[in-house]
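Read through the structures below before going on.
Next come two complexes, and both contain subunit A; in the first it sits with subunit B, in the second with subunit C.
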Partner chain A sequence: MSTASTSTAPRRMRAKVRYNVPATIILLVCAITVAIPLFVTINMSLKTTAQAVDGRAFTLPAPLSGDAFAEAWSLTDLPRALSVSIFITAIAVVGEIVISSLAAYAIVRNWHRRLFRWSFFYLLAAMFIPFPVVALPQVQMTGMLGLDNPVGVAALHIVFALAFNTMLFTAFLRSIPISLEESMRIDGASTWQVFWRLIFPLLGPMSATVGIFAFLQSWNDFMMPSLIISDPRLQTVPVLQSMFQDQFSNNYNVSFASYLMAMAPAIVAYLLAQKWVISGLTQGAVK
Partner chain B sequence: MSPSPLSRLQTSRRGLLAAGGALAATGLAGCGASGRKDVTFYQSKREIFDHIKMLLAELDAAQPQYRYVHDVASNLSAGFARRNPPDVALQNYNLEMSRFRERGGLSDLSDMEEASRIRDDIKDLADWYPPYPGRTSVLPWSVAGAAVIYNRAIFDEHGLSVPTTWSEFTALCTELQDAGVTPIYGTFADAWTLNQGMFDYTLGGMIDVRTFYEQVTEIGEEVGPNAEHSFSKDWQEPIARMLELLPFHQDDAPARTYNEGNTAMANGEAAMLLQGPWALPEIAKAETGAEMGMFPLPVTEDPADLKIRVNIDLALWIPEAADQPEGARELVKFFMQPEVQDTYNVDFLYLGTTKDAPPATDPRIVEMQSYYDEARYYMGASQFIPNTIPWANYLQAIVFGEKPETMLARLDSDWASLAYRA
Partner chain C sequence: MSETTSTPPRASTPQRSSAPPPKESPNSPKIDPIYYFFLFPALLAFTLAITVPAIVGFGYSFTNSIGFGDWEFTGIRNYIAVFRDEGIVGAYLFTLGFALVTVIITNAIAFFLALGLTARIRFQRTLRTVFVLPMVISGIIIAYVFKFLFSNTVPAIAQTLGIDALSQSILANENLAWIALVIVHAWSTIPPALLIYIAGLVTVPEEVYEAASIDGASPASKLWHITLPLVSGYVVINTILGFKGYLNAYDIVVGLTDGGPGVATRTVAMSIIRGFEGGDFGYQMANAAVFFVISIIIAIFQLRLTRGKASFGS
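Entry: the complex of A and B
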C-alpha cells in the first residue's frame, strides 16, 4: 500500500475500501468468543458474594465492590505466590532457550558424527514421555535430591521441554548458511564466540517462539508444582488458586478477581513477546 | 541487522536473571527468620480457610516454640511418596484418605487425653474404613449429618408436616405438585449430588450398609450374579425405589448443578433438596432469609427405620513421617479444646464428636441431633466404592434412563476385577 500524504487522499481512499463481509462476520464471532468470557470475568469479580451466587453472569454489579480483589489478594498471598511463579517462569524461559539452542547447535554442526545424531534421536524420544507417566519417580527423586522446591520445578520444565525445543532449534539452524560461520572463523573466532555472536542472535525469532511456549507452559502449569513443591509457602499461583474450585462451595467473585490478577503479568509478557516475534521475522525477510 | 534489538534482548535477559536471583534470596530469607520451628499444617475443605487461619494465628500467639505453616495447596500423595508429608492435618476423612492409615502412614494418638474424649460410636465410625490394627490413627473432629433439606415456609404454607413413612412422603410430594410447587430440586448434572443424595439415602434407609460391604469384600472376586451377595442382587430393590423419586423433581433437573440447586432453594423455587449441611451456608449466601430445616428421607413404611446419612467431615491426624511430631501434637490439643472444636461445629453446622459436645441448636440442623445421639445413622453407601470405579457416572446413567441391571452388573464386574488385582 502506498503512503498517501496529501490532505485530500484519506477521503478518496475511504471510498475505495471494500469490506470482506463474510470474513468480518467470522472475525466478529471469534472476537465475541473471547470478549464475552472476559466480560463475565471482569463483571463477576466486581460483584458482592450475595450477587455472585445468583447465577446470572450478565447482570451488572450492583453495588460495585472491590472486596473480591482484596480477599483474593490475601487468600492466596498473591505477592509471594506471584514472585514464586515469576521466579520459576524466568528460569524456565531462559534455561529452555539457552540449553536447547546450545544442544541444537552442537547436534546440527556434528550431524555426521554418530554420537550426536543418536543423541538427537534420544532427546526426541523424550517427547513421547508425558510428565504424569513419570510423576511418581520424579516426586521421589526431587525429594531425595533436595529439589522439592521452585528450583526443581524450573529444572524439570527445562528438561521436559528439551525435546520439543531442540527439534525447533535444529530445524531453524539448518536454514542458516554455514558460509556465514566460516567467514567468522577465518577472522579467528572460536566456537563459543561464533555461537554467542552469530548463531544465537540469528536464532532470535525461534528463541522468541520457544520463549513464549516456555512462558505459557511454566506460568500456567498446575500439576508439576503441585506435586514437586513440598513447602506450601513456595507454591505457585495456579496451585494456590485451586482453592477457589471446590466441589462444595463457590466464590465466583473472589476466584474471578484472583484469575484476573494472575492473568495480568501473562498478558503483559505476551504483548512484549509478540512484538519480538514479528520484528524478528520481518528482519530476516528483507535482507 | 541493526544492533539495537540484540542489545535490548541481552539487557532484558540479564535483568530477568537479576530479578530471579533477588527473588530466590528473598524467598529463602523468609524461612527460619525466627527461632521457632516450622510445623506444616494441611487442611482440606477450602471454604473454612479463613476460620482455620484465624485459629492458627491464635495458636501461634499462644506459644513461643512453633510456627504453624498453613497449607491448602500441597499434594498429599506426593508428600507421602517423598516421605515428607505435612506434620499434621485436618482433613475430610474418606476411603481415599483411609489408604494412608491402612498402610500405617499415620501415627498412634491413643495415648493422648483428647483421644479418650471422642464418643465410642464415632471412633467406631472411623473404623468403617479399613483401620491399622492397634492404632488410633485419626481423631474425628466434626461429623456431617445429611438428610432432606426443606423450606419451612413452603411446608407451613401448604400445611405440611415432616413425613415419617414412604407413603406419607410420596403423598406430600404429590400434594406439592398439585399445588404447583416443585417438591424436590434435582441437580443431576453434578453426578456426586445423585450419589450423596437420593442414592445414599434410599440405600442407607433400606439395607445395612456396613454389613453389605463386609459381605462383598469377603466374596471379593466372586461378586457377580451367582454370588450370595452382589450389587445387582442387593441393590436392585433400593435402586427401584430411588427411581420412584424422579417424577418429583423439576423438569430441567438433568441440566442443573449443585450451585444452581442452592440458589434455587434460597429463592424458594422448590420445597426440598437432598443435600448435606455443607449446602446450608451456600444457600444462606444468597441472603434471601429463607428458613431451612432437615429431616431423614423415609424409604420404608416403618418410622423406626428412619436414619440420617453421616460422614466424618473432618478428622485430625499426624503422619508417622512428621518432622515435628511434638509441635503437631500441640496443634491437635489446641484444636480438640471444647471452645475451639465446638465453636467450629456450631458455626459451620456440623455435629460434635466428643462425649461432652453440646447438642446442635441451629434450627437448620437441630432435627439431626437426636438421630445422631441414638446412633440411627449410616455412612453413605457410595463412599465405599473406590474412585477407580466411576460409580457416580454409572448412577447418573441409570437416572438418565439406562437399565439399572446393566449398570449394576458392570459395578459387580468392576468390584470383582479390583478384588482380583488386590
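Entry: the complex of A and C
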C-alpha cells in the first residue's frame, strides 16, 4: 500500500527504511474522526425503523435492513431530484471546461493586447465577490428572465467558477510552447482548428481537474439552488434533504439512507478522480 | 472558418519598427477575430450574472424596495439603519469571531496533519485519501449528520460518563453552539488547507533538515526556525482562502444550528438572506454592500500584513 519503501529510499538502503511509527499511529487515530460521521451514516441507514428510533449511533444494525433506502427513495422522490442534480452538474462541467478554456486561450495568445489582459483581471475579480453579496439581485433577475430553474443555477455555477478555472487554464497554457501551434498554422490550420485539434487535447489534465471540481461544487451546492429555483419539484438533491427534515423526524434510518444516497456520487467521483482533485488544488493555490 | 493569421510570440517586437513606440500596440499585427468569439461567452456571462446584478443591487441599496413593485429613493437611510441594527451588527461580530477562531484551528490542525502525512509513515496514500475525503461531502448534509451526533450521541455518551457539562446538546446552548459550528467547518474544510500545506512541505529540501540536525537543532526548533519560515507563503494562502470561506458561512450553519438558538449563531450571509426572505430587499442590499466592503478590506489587510514576508519554499 505504502509507496515509501520503493520510491524514497535508494536501493542499497532499502533494508534500513524506517517508518515513523508514532506519526503513523497518531494519524490513524486522527483518521477516526474523519470516519465517525461516515460510519454513523452508513450504520444508521442499515437499521430498521424500530431499531433506529432510539437514536443510538454505534449499535450495529440488527437485523440488517435495506428498507430505509427504499423508503427514502420514494418518500423524497429521489429519482426526480437526482435527474435535476445530474442535469445541472452536467451543464456546469461541460460549460466550465469549454467556456473557461476558450477564454484562457484567447487571453494567453493576446496577452499583449489591452482588451484581453484587462478581461483576465475583470474575470479574476469574481474571486472577491461572495455569492451572498449578489445573491438577492440575482434571485430577482433570474425570476424576471424565467431562469429561476435548474438552467439558471447551472449558468450561475459556471460564472462563479470562471475566475478560478480561467486562472488554472491560463497558467497551464503559458507552459505550452508556441512553436507547436506555429507549425500547425504553417500547414494552413485556422485558430479554431488549432484550438480544438491541438490545444484542447493538450489541456486534458487541466480539464480533468476543472471538471471534477465543477462536478463536486455543482453537486454539493445548497445555497444557490435553494435561492434560485422557485419550483420545489425542480430542487436538487442537497436542497431535498433540507426540505424533508420535518418528514424524516425520528426515522433516523430513512434520513441517513437519504443522506448516504446524496453523498455517494461525490464520494465515488472523488475516489475515481482523486489525482485530479489533489493536483488541481495544489496548482491553483500556488499560481 | 477564418483566415490564417499567425499570432506573434509574446516577446517579439520586430513588426513594430515603423510605428511610433507605444507601450502597447492593440491592433497590430492583425488579430484573428475568432479570438473575440473565444473570449466573448465568458465576458458576457460574467457581466450579465455578476456585474449587472451587483450594480443593480447597489442601486437598490439606496431605496426602500421590497424586491418588487414600487420603491422610493431613500438616500443612505438604509446604511444608517444597518449600522444601528443590533441583529445585523451582532451577525457581523459573530461571523468575524467565528471566522477568526475557525481559520486558526483549521490551519493548525491542517499543518500538523500535513507534517505527519509528509513524514515516512505507513499507509501514506490511504491516509491521504481518507483525510481529503470530507472535502467532497455536501456541507448541508454533513451538518445534518453532525446535528444528530451533537443532539443524540454526544449527550448520551456524556451521561454514561457522568460529564454534566455535555449531557445536553450543545446546539441548544447559545453560549456553546458556535463550538459545534467550528468543529463541523473544520471537519469539512481541513482537506483543502491540508493539500496546500502538503504541496508546500514537499518543496523543503531534505538537506536543510540534515544540516540543522548536525548543528544540534531540536525537532521543535527545526519546525519553528526552518519549516515554518519556508512555507509561510502557504500559510498566507490558507489564511486568506479560509477566512474568505468562513466569512461567507451559510450551508453548514443552516443545516446545523439554523442560526440558533435564537440568533446566537446567525452569520452575515444568513442575515442577508433571511432578511430578504422576510421582505427587505433595499435594506439587505445595503447590508450586502457593507459586507462586500468589509470582505475587501480584510483581504487587503491580510495581503499587506504579509507582503514581502511570504516564502514558498525553495
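One rule holds in what follows: the second predicted complex is superposed on the first by the 222 of 287 C-alpha atoms of A that agree within 3 Å, B and C clash if a C-alpha of one lies under 4 Å from a C-alpha of the other, contacts with A are read in each partner's own complex, and residues count from 1 in each chain.
By definition in this document, a contact is a pair of C-beta atoms (placed from the backbone, for glycine too) under 8 Å apart; a residue touches a chain by one contact, two chains touch by 3 or more.
As the structure is a prediction and not an experimental result, all values here were calculated from the model.
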- If you stack the two complexes on chain A, which partner ends up touching A:Ala106: first (subunit B), second (subunit C), both, or neither? second
- Task: Figure out whether A:Thr49 sits in contact with subunit B (first) or subunit C (second), or with both, or with neither.
- Result: first
- Determine, under the contact definition given at the top, whether A:Met167 touches first (subunit B), second (subunit C), both, or neither. neither
- Between subunit B (first) and subunit C (second), which does A:Ser242 come into contact with in this model arrangement: first, second, both, or neither? both
- Query: Taking the superposition as given, does A:Leu198 touch the first partner, subunit B, the second, subunit C, both, or neither?
  - Reply: neither
- Task: Quick one: classify A:Leu227 as touching subunit B (first), subunit C (second), both or neither.
- Result: both
- Message: Tell me the contact category for A:Leu124 with respect to subunit B and subunit C: first, second, both or neither.
- Response: neither
- Note on the structure: The answer to whether subunit B or subunit C touches more of subunit A is C
- Return first, second, both or neither, reflecting whether A:Ile176 touches subunit B, subunit C, both chains, or no partner chain. neither
- So, does A:Gln140 touch the first partner subunit B, the second partner subunit C, both, or neither? both
- Residue overlap on subunit A between the subunit B contact set and the subunit C contact set? 55, 135-136, 139-140, 227, 242
- Note on the structure: Within their complex, subunit B touches subunit A through residues 1, 5-6, 9, 13, 16-17, 19-20, 23-24, 26-27, 30-31, 40, 42, 45-47, 49-50, 69-75, 78-79, 81-84, 192, 258-260, 262-263, 278-279, 281-282, 285-287
- Touching subunit C in the complex: which residues of subunit A? 1-4, 8, 17-21, 23-24, 26-28, 30-31, 33-38, 40-41, 44, 55-58, 99-100, 102-103, 105-107, 109-116, 119, 122-123, 126, 128-141, 155-156, 158-160, 162, 166, 178, 182, 185-186, 188-193, 195, 216, 219-223, 227, 238, 241-242, 245, 252, 255-256, 259, 262-263, 266-267, 269-271, 274, 277-278, 281-282, 285-286
- Please name which positions on subunit C make contact with subunit A in the complex. 1-10, 24-26, 31-32, 34-36, 38-39, 41-43, 45-46, 49-50, 52-54, 56-57, 60, 67-68, 113, 116-117, 119-142, 144-146, 148-149, 152-153, 156, 187, 192, 195-196, 198-199, 234, 237, 241, 244, 247-248, 250-251, 254-255, 268-269, 272-273, 276, 281, 284-285, 288-289, 291-292, 295-296, 299, 312
- Query: Of all residues in subunit A, which touch subunit B in the complex?
  - Reply: 49-50, 53-55, 75, 80, 83-84, 86-87, 90-91, 93-94, 135-136, 139-140, 142-143, 148, 150-151, 201, 204, 226-235, 239-240, 242-244, 246-250, 276, 279-280, 283
